[in-house]
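Next come two complexes built around chain A: one with chain B, the other with chain C.
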Partner chain A sequence: MIPAGEVLGTWIAVGLTLMMFSFIYKDNPAFKFGEHLYLGISVGYYVNIQYWSTIYPLVFQAMKQQHNYWVLIPTILGIFILLRIIPSMSWLSRMAFALYIGGFAGYSLPLIVHSLLLPQLSQTLQPYSGGPGPVINQIIILVAVFSTLIYFFFSLEHRRTVGMISRLGIVFIMVSFGASFGYTVMARISLLIGRFQYIIESGHIMFPWTRS
Partner chain B sequence: MDFVTLILNLDRKIIFACVAVLVAWPLIWPLSMPVGTTPEVRSIFSAVDALPNGSDIMIAADYDPSSKPELQPFLYSMLAHCFEKDHKVHILTLWPGGPALVQQAVEEVSKQYGKTNGTDWCFLGYKPGNAAVVGGLTNSITGTYPTDFYNRPTANMPIYQRVQSVKDCDYIVDIAAGATVEVWIAFASAPENVPMSAACTAVSAAGYYPYYQAGQLDGISGGMKGSAEYDVLLMDKYPNVQGGAPRVAGNAVKGMDAQSAVHLFIVLSIILANICYFIANKRQREERRTA
Partner chain C sequence: MIFLKRQLPIIIAFVAGIMMWIRYYIPSEVSTNLVDGYLEWVRIIVGFAAILGILSLLQHHMLKIRMKRPGFAFSYVTIAAFIMMTAAGFLPFAFPGFAEKNMETGSLFNWLYEYTFIPMQATMFSVLAFFIASAAFRAFRARSMEATLLLVAAIIMMVGRVPIGDLISNATPAFMIGQNEYHLIDFEEWTGWLLNVPNAAAKRGILLGVYLSQIAISIRIIFGIERTYMGGGD
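Let's turn to the complex of A and B:
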């Protein structure tokens, strides 16, 4: 026996999915209702999650149970950020932003350079080895990186040799866009498949008497 | 109206209807088309499979319901694979919309494998601050997450008696819908020398290939196709994945028939539309010449 709540919930979920799909035909009140409901519920859900996972344990609980009043400093700085919405007090937000950006840049820059930039550079310029296949791949990567960088180098006029190299860069950029677009189409179809799967698999919950 | 004009002026609703039929048909009556595996996904599977039984795996499920069809099947398969190998699973999410999805998956799969919360796995929950959280995990897991998702103190858990930080984990897997893969590479995997793989949405897969090429990621699984490949590899190696329970593995494979059918339709539509476009152009040129 399927609980009545699950049957009702599934009817609502499938109904809302169909409301959103109705936009394919044209904009309509059912779509608008679904859209606004989604936005409202999302905001409520995220506010709730952020409060119970951040503000309550890290501020209220820390002060109440551990008597840690140092948390008031970041809390006040956080409130300063919200003051951007009051023009006369928006200058206070700059202090919080300056601290946040400065601290985070100092913390992350060495790690980003060490972990992302340098390994990528060394891989691009690594010695050729491993047979004809990997060597050809290495050459293609090197040519692609060089020509793409030239395309984005604007201190030289893109004519003659520089123009030729930058046009080659455009070809590599287009190939990259094509790959990304292909993947994007696949992703969107996957989302549609996910919804269809849900609707089809929900059939026996929505109509419990069809369950064998 | 001839065929060329008809195609070039086709109402887009007809294309939508065709796509809807091509998606629904294989889901109702599966075509059972084969799913080939790629080296990128095989690398993830081999890496997790090659770890000694009982290794510690950090799984970051950094996505929310909008990416569920692409990434949730991968999480199910990865959890099944880890529990099949008796690995200890440390799971968390950096996305506020993620906890409900992770809770559903980890509770369901761990129950099927008879694994105990706090001993075999721990769901640390959600914490905001991406890089700060990952950086914190490299110092102390229990310090960054004093309590788990169920509000129980982590410091007393058996799973954290020998694992203090990400450094003590044997592998990291980031299942990501956004840019958190770079955060995990920069703040945990590379500085602490912990091998890592990523499963991402198809949209972002192309952007992560440089990290795979550079060896910073052992493997990449892109979108539903990658998840289906992992399902296939898992079911091939462990045919009795708890009796092949449908929720544990195979969910992405079911969607691949529809994916292939729609891709074929899109490719044929592009070719047909281009041919019609060039024929129409040629006709216009000829009409202008005769006029």
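Let's turn to the complex of A and C:
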């Protein structure tokens, strides 16, 4: 026996799925209804996630159980952010943004160099070993990285040698975009197949008497 | 007042930035506590920033209803759905017919998440497959060398990811290089090479530029040269 909540939920889920799919034909009231419903539901979901995973444990529980009143400082700064909707007091939000953006700039500076920039450089400048195949790939990678960087380097006019290298850069960039595009298409198609499968398989839940 | 409005935020950004930067070079318990505390504070601030975004969205829809702008009836749907989902998560008791309260499995919130949020989100993203196909039709009209490269790379990538790619590859003559068997047309091999060599290299070139820009912008923020985060006005 399938619970009534599951049957009702499946009817709603399939109905909403079809509403969203109706956009393929054209923009219509059913899609607009689904779109606005999705917006409201997702914002409500986000409010709950923010409250129960951040505000409640880090502010209320921290003050109530651990007597940590330092959290009042970011809470006040957070309230300053909300004051942005009052034009005469919106300048107060700058304090919160300054702490967040300034602190994060300092926090990320060494991390970018240490964890991102240097590893990428070291991967590009690997020793040439492992037979002809890997060596050719290493050379292609080095040439591609260099030419791509030159393509985005605008302090030099892209003429003669620089122009040729930059043209090679665009070749690699287009191959990369093509590969990413193909990859994205396949991911979306797989999601689409998933939705069709859901609709087909939901039949037995929506019409429980068809279950064998 | 000018000090509070314009100079104090720059001083806060400078002090916070320098402290968080220097602590990396002084590994100690104090430094770890500092960064943990800072990240916790940031989570709280970001939580409030999200509420600001939500308030702004609700303000927009309420204004749309008040001004009776075209399609204002749908704004009622957004507001009602928002109230329903928010209330479901905050209810201090289990909603009739549900075993649990708040966000726990078996609660009304969880039921709404499972039967409305998930299907709509998945469908919204899957619908993009159709629009991507129409974009591909326009992009793939190989009018230039660049467009041809994009087309060839994307086709290899797509065919290499589906079973028909394997079927085509297996139907072509095979040959041995060393101990490895290769096919004349080997989509799986080509897909791997495309992803790991030219694609990874071009992405690396772009990312190196991005990282250098991030370093530059971070230094500009810390030293008060970049002030766009302060917004307009006084």
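We take it that the second predicted complex is superposed on the first by the 212 of 212 C-alpha atoms of A that agree within 3 Å, B and C clash if a C-alpha of one lies under 4 Å from a C-alpha of the other, contacts with A are read in each partner's own complex, and residues count from 1 in each chain.
Heads up, the rule we're going with is that a residue touches a chain if its C-beta (ideal position, glycine included) is under 8 Å from a C-beta of that chain, and two chains touch if they have at least 3 such contacts.
Keep in mind that this is a model prediction, so the values were computed, not measured.
Q: So, does A:Leu192 touch the first partner chain B, the second partner chain C, both, or neither?
A: Both partners, chain B and chain C.
Q: Counting touched residues of chain A, say whether chain B or chain C comes out ahead.
A: C
Q: For A:Val175, is the partner it touches chain B (first), chain C (second), both, or none of the two (neither)?
A: second
Q: Look at A:Pro74 in the shared chain and tell me whether it touches chain B only, chain C only, both, or neither; answer first, second, both or neither.
A: second
Q: I'd like to know which partner A:Ser108 touches here: chain B for first, chain C for second, both or neither.
A: both
Q: First (chain B), second (chain C), both or neither: which does A:Gln50 touch?
A: Once the two structures are laid over each other on A, A:Gln50 reaches both partners.
Q: Where on chain A do chain B and chain C both make contact?
A: 24, 45-46, 50, 54, 104, 107-108, 111-112, 116, 120, 123, 141, 176, 179-180, 183-186, 189, 191-192, 194-195
Q: Under the stated contact criterion, what part of chain A meets chain C in this complex?
A: Contacts found on chain A: 5, 9-10, 12-14, 16-17, 20-21, 23-24, 32-48, 50-52, 54-55, 58-59, 70-71, 73-75, 77-79, 81-82, 84-85, 87, 90-91, 93-113, 116-117, 120-121, 123-124, 137, 140-149, 151-152, 169-186, 188-189, 191-192, 194-195, 198.
Q: Over in the complex, which chain B residues touch chain A? Could you list them?
A: Per the stated touch rule, the residues are 13, 16, 19-20, 23-24, 27-28, 66, 68-70, 96-97, 99, 125-128, 131, 135, 147, 182, 185-187, 189-191, 201-203, 205-207, 210-211, 213-216, 222-225, 251, 254-255, 258-259, 262-263, 266.
Q: So in the complex, which bits of chain A are touching chain B?
A: Residue list for chain A touching chain B: 24-25, 45-46, 49-50, 53-54, 57, 104, 107-108, 111-112, 114-116, 119-120, 122-123, 141, 176, 179-180, 183-187, 189-197, 200.
Q: Give every residue of chain C touching chain A within the complex, in rising order.
A: Counting only chain C, the residues touching chain A are 4-5, 8-10, 12-22, 24-25, 35, 37-38, 40-52, 54-57, 59, 71, 74-75, 77-86, 88-90, 97-98, 102-103, 109, 111-130, 132-133, 136, 139, 145-147, 149-158, 161-162, 193-209, 211-212, 214-215, 217-219, 221-222, 229-231, 233-234.
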